[in-house]
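Pasting a structure below so you can have a look.
We just call them A, B, C and D in the order they show up, numbering each chain from 1.
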C-alpha cells in the first residue's frame, strides 16, 4: 500500500481507562509494520504539545508488554484544553488560547496526522484543532459508555467486571450481617455502569441518573424485602443519580479546594434511608478502582481493533473522523457528527425491562418509569 | 398482562457453559414475579423427559444465589437425543425414537410451553419436537460463539477471559525460559475463541479452522522472530485447526474407547514444529477449564436478558422461536431459520485485519488468506 | 474412637471474614463422618442463644458447596454480648446480663460442647460462659491478624490479596495521571494488613498504628520522589494510623448516629498533604470490600484444619481451649491464656526492615522508628 | 553501615516461579539504596557466566514495575550445570567441567559475592562453586515447597491458588455433567501442591507421591459416593503419584525426543478408573499454567523479605549461606546443611488428618496410611 503519510503523532487525553495502552500498541505496530511510518508519542494529552520536551518517538520496543497493562504509558490529564488553558501571570490566572502554539508544534514535529484518543471533551478539542487545519483521527474512549456514535468503547467492560466483583464481595458481608449496603459507582450523566453491574452483581435496588428516584418507593421495597425474609439488601447508585425534584450540583474538579469528595450520592442516600428505615446502612464508594486493572479480553480486543483500523483509515486518506464499533464492525464516522452527543440509558430498552422483570427496584414505580 | 400460559418447563442441554444458571434464574423470576406462572425444572436435558422422577418445581428460593455460579443446577448431558436414543436390549444397543414418550411426559406434566436452553444440536431437537406439536421457546447457548442468528451468546466472553488469562500466565514462563509454547483452545469448526483470545493475550501465532495452516510459513515466521531477538513465542491453536491438505478426523465422543484425548491439534503441531525447528516446544491444553468459572459481567447480563425476554415472548404468545441478540437488543427469530447455520470467522473481518496488522502469523501468507 | 460427646453447637461471632464457611464445613463433616455426632447451628452469634427459633441442625447437605463462599451461612453480628445485652423497656435501653438464659438454652438444646468461632471479643464471651460451667472450644477469627496466640488466622490472607489488587489497580491510575493516591485499609490497632499489602502492592508510603507519623517527614519524602522524576506516589494508611501527638478517637460502632463514616484516617491525611504539598491528592477507602470474596487457598486450608482439629480436640476431651497455628502445626492453647492479648507489628521485625530497605517511607525517620 | 563489598552478581536458575522478579527488585533496591553497591544481573542462570555478553548492570530503573510480574527478567534455564555442561565437538556431545571458566568470569566481572536464586539443583551448584572459593549467598526457590530448611518458599502460594481456581472451575463442569474429572498437578517427589490445593478446592480424592495408591480402594470410594447420590467426583493427582507396587519412571527432561509429555500420571489413572468403573473420566493437566501469573500477596512479601535480607546478610559478611523462613522470621542457614534434603508430606501431619476427617480419599485405607 502506498501512502503520503510519513509520520503520525498520538496522544491520550481525559481520565485513564483500561485499554489505552492496547490502543497505543496497535497504532504503533500497525503504523510501523504495515506502513513503515514514524510514530511520535505526545505526553499528558495536549499538554505535550504546549510544553517543551514532552514528545518521544515510539518504536516497537516501546510498546512491548503493554497490552495487559492498565493506564497509559504516555500519561494523561483531565485539564489541558489548549483553547482555554489556565496561564498565570503576575499571580493572576487567565484562560488563554494556546491553539496556535499547538499547531506550530505539530508542524515543527513534522506530523502528517494527529491520532487523538479521548472522550467527548478531548475529541471536541481535536475537532476544533481540525477546524484550524490540523488533520486528526479520533479514537473514542469512554469508561462510562456514553458516546453516541459507537456501540461501545473500551474500558467499560473492565469497569463493569470490577464493579460486579465488588458486588460479589459485598454480597456475602451483607448477607452474613443482615445489612443494607450501598455501593456508589461511576456515571455522572449516564447510568450504564450502575445498571449493568447492578444486574450482573445481583443488586436489589439500582439508581441511575436517567431515573430520578423516589425515596419512599425505595423504602417500601426494602421493607417488603425484609418482611419476606430477605434480611439484607444491596443498593447500587450511580454517582450522578439524584432524588426526584432535586438534582445534586457537582463542582468542576479543578474548583474543589479540598481533596475531591467522592461518595456524595451514596452517602446522601444512605443518610436518607437510615433515618427513614431506622436500620444501619453502610456505604462503599468504588471510585478510582473502576479505572484501574488489566483490561478484559473484550477491551483488549476492541482497543487493538480501534488502534489498527485508525491507522488504516489514515492510510486511506481519512481525516476528521473517529473510529467506531457499529454492528460488530469497526467503521469511521465524522468527528463533527460524533461529538457533543451523549448516549443515555433508554428507558424502553430491554435491559430496563430485564431489571424490572427480575424484581429489581429502579427507584420509581415501574408504571411511572415509562412516562419520564 | 394476561396470558393463557400457566406452567412452563425448562431444560439445559449440551455442554455446560457459564451463564446457564443466570438464564434459569431470570426465567424463574420473570415467570413467577411478572406472570404468576409455575416453572418446572427438567434435569439433564431431554433425559429428564425420558426417565421418571427427573423433574422438580423451581421456585424463587431455588434460584437464590445462583447468578454468579458456573454450570447448571438442572444438570445437562451431551447425548440425549430423544429421536435417536441409545436403548440396550439383550446386550444390543440400538438408537430408538422416544419422542412420543417425551411429548406425553410434557402433557402429563401439564406444561404449556417448554423453554429449551442449548446449542445447535439441542435446538434442533426442540425444532423437531415442535414439528410434532410441542410449543417451544429456544435460548441459544454456544460457548464457541458459532450460532448464526445471534450476534453473540453467553459463555463465550467468560471462556475468552479464561483463555486470555492462561496466555498471560504462559507469557512469563515462555519469556523466562525462551520457549515456544503452544496453547490449544476450544473451537472444532469456528475459530472465534482462538482468534480473539489470541489477539487479547498477545499470541504470536494463531491457528483457526477457517485457515488451514502451512507449517513452513509458520516455521519461517518463528525463525524471523528468533533472529530479531525475540527468543520466545506463544502459539494459539483451535482444537479444530489443521494443516493444509489434511483435515484431522475427530471421532464422535461416545465412540471413544479410552478417556477422551484432548490436545490432538496442539500436540500434532508441537511435534511438527519441534522436528522442523530443532527447538523445544511445550504444549498446554486448556480443555474443560474454559467451560467453568463464574460468568463475566457481560455473560451474566446477557443470560439475564435472554431468560427474561424469553418469558415475555411466551407471554406474548410466541412459539417456535429463539431469543437472539441483534444490534444490541434482544429480539426473537424463528427456530426454523436459526438452526443448522454456523457462524464462522469471516476472513475479510476487521478482526483478521487487526491480527495481521499487529504482525500476528495466522498460519498462511496473508496474500493467500483472502483467496481461501 | 469413643467419645461421650453426642451433640455440639457451633456459632460465628463478630465481623464476617473469608473462611468462616470453610470452618463450619470442616466442623460438620468431621463431627458427623468421624464421630457420628449431631451438630446444631446457632444463628447470628450469641443472639441465636438469646432469641427463640434461631438454631437448626447442620447436616452434610447443609455444608455442601460452601467451601469457596465468603461470609457465614449462620449469620453473625458485632453486638451480641449476652453479659451486657441492650434491652429496651419503656423506651429505656439498659445493658442486661442474659448469660443464664444462654446457659439454659444450651442445656435445653442438649449441647455437650459449644464451638465458638470469633475474634477476641467473641472468645472473651466464650471464656466467661465457660467460667459459668459451659464447655466451649474456641476457633480464632481475626482478619486483622492481631491475635497473640496463633501465628496467623484465616481471612487475613484473602484480605491481603484484595488490598494488594486494589493497589495494583490504583498504580496505573496514579502513574497515568501523576497523582498522589491514598488507600485506607483496615487495622484499628494493628497495622498488619497495611504493612504487608503495602509492601506487596508496591506502596511508596505505609502508615500503621504502631508508628505515629510525622507529616513533615512524609511530605519531604514525597517531594524527594517528585524531584527524582517519580511523578506519582501510592500511600497506604491503616484506619487506626495517626499523627504524632494526636490519636484520633473512634466511637464504638453502635454509638454512631449517621451511616458509619469510614475513611477518617485517609481523608485526614489527604487534607493535610494537600495543603502541605499544594498537590492534588485522591483517597480511596477499601472498607467492607476487604471482608468479602471467596477465601484464598491458604485461608480455605487453614479454616479446614481449624475446624477439623477443633472437633478432634473435643473428642479428646479438651474444653476451655482454642485451636491455634504454631510452628506450622495446629495445636490448642487455653482460652484463659489466649484472650485479651493483641499481636502488634514489632518494629524490629524483618518485615519492617524489608520495607525500609526497599525505600518505603514508614512515616518517620528510620532512626527514630527503633526508639518508639 | 560499612562493608567491604562493592559489587554483587545475581542470577536465577531452574524452573521459573512467581516471585523471582520481586526477589531481584528487593536485592537491587537494598544493595543500591542501603549500601551503594553495584549489582550485575547474569542472564539465564549459570549460562550467563559461561557465554559472553550475557551480563548487565541492574539499576533502580531496571527493577521498576516488576514486582507484580511473573517470570524473571534475567531469564533462566533448567540445564546449565557448569560442572557437567553439554559441549558438542565433532558432532559428539560430552559433559564438560566449565567451573573454572565460571570462576574466572566472576573475577573478571569484579564480583565480591554471587547471589544465587534457585532450587536444590541450582543451590547445589552454588555450593560446589563455593567449595572452589566463590563467595555465594543462596535464596531458595521451590514452587513444589519441598526444601527442608525453609518453612515455605515463594511461588508455592501462587501455584496453590492457581490450582485451586482450576478446581473451582472444574467443579461446576463435573457437577453439571455428573462426571469424574482428574486434575494433574505438579509435584514429582512431594505432594504439597496436590494435597493443599485438593483440600482447598474441595477434591474428593487426592493422590500424592508419599502415598502409593490402591486403585481398588479408590474405585470403591467413588462407587460409594455415586451410590450416596453424589454423581460427580473431582480427583487430584500429583504428577509423581503412582500405584502401589509400580513407580513410574520419568526420563530426565533433556533426554526426551518428542515434545515433553505431561499428564502421564493423570492419564494412567483415568484409563485405569475408566475400565474399572465403566464411567467416562476426563483429564486436565494444569502443567505450565501453575508456574505463571502475578505472584500472590504472600509470595510478593516473602520474595521481598528474602531479597532484602540476603543483601543484609552479605553486608554482615555472611557467605556460603541461604536465607530461610523459620518461625515466621527470615534467618540464614548454611548451604552445606540446606542442600540435598527434601521436605516431603509427613503422614502424621494435621493436614493429612484434616483431609481424612473431611472424608477425602487419599488413595489408601486410612488404617494403612500410618504404617507406610
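The criterion applied here is as follows: contacts are C-beta pairs under 8 Å (C-beta built on N, C-alpha and C of every residue); 3 or more make two chains touch, one makes a residue touch a chain.
Quantities reported herein were computed from a predicted structural model and do not represent experimental measurements.
> Using the contact definition given at the top, which chains are in touch with both chain A and chain C?
none
> So which chains count as neighbours of both chain B and chain D?
Expected: no chain.
> Report the inter-centroid distance (CA atoms only) between chain A and chain D in whole Å.
Chain centroid spacing, chain A to chain D, equals 42 Å.
> What's the distance between the Cα centroids of chain A and chain B, rounded to whole Å?
31
> Where in chain D do residues touch two or more of the other chains?
168 - these are the residues of chain D that touch more than one other chain.
> Write out all the pairs of touching chains, ordered by chain label.
Applying the touch rule to all chain pairs gives A-B, A-C, B-D, C-D.
> Enumerate the contact residues on chain A facing chain B in the complex.
The touching residues are 25-26, 29-30, 33-34, 67-68, 151, 157, 160-161, 163-164, 168, 196-197, 199-202, 294, 296-298, 300-301, 304-305, 308-309, 311-312, 327-330, 349-351, 353-354, 357-359.
> Tell me, which parts of chain C touch chain A in their complex?
Result: residues 12, 15-16, 20, 44, 69-72, 75-78, 162, 165-166, 168-173, 175-178, 181, 258-260, 262, 267, 270-271, 274, 280-285, 287-289, 291-293 of chain C touch chain A.
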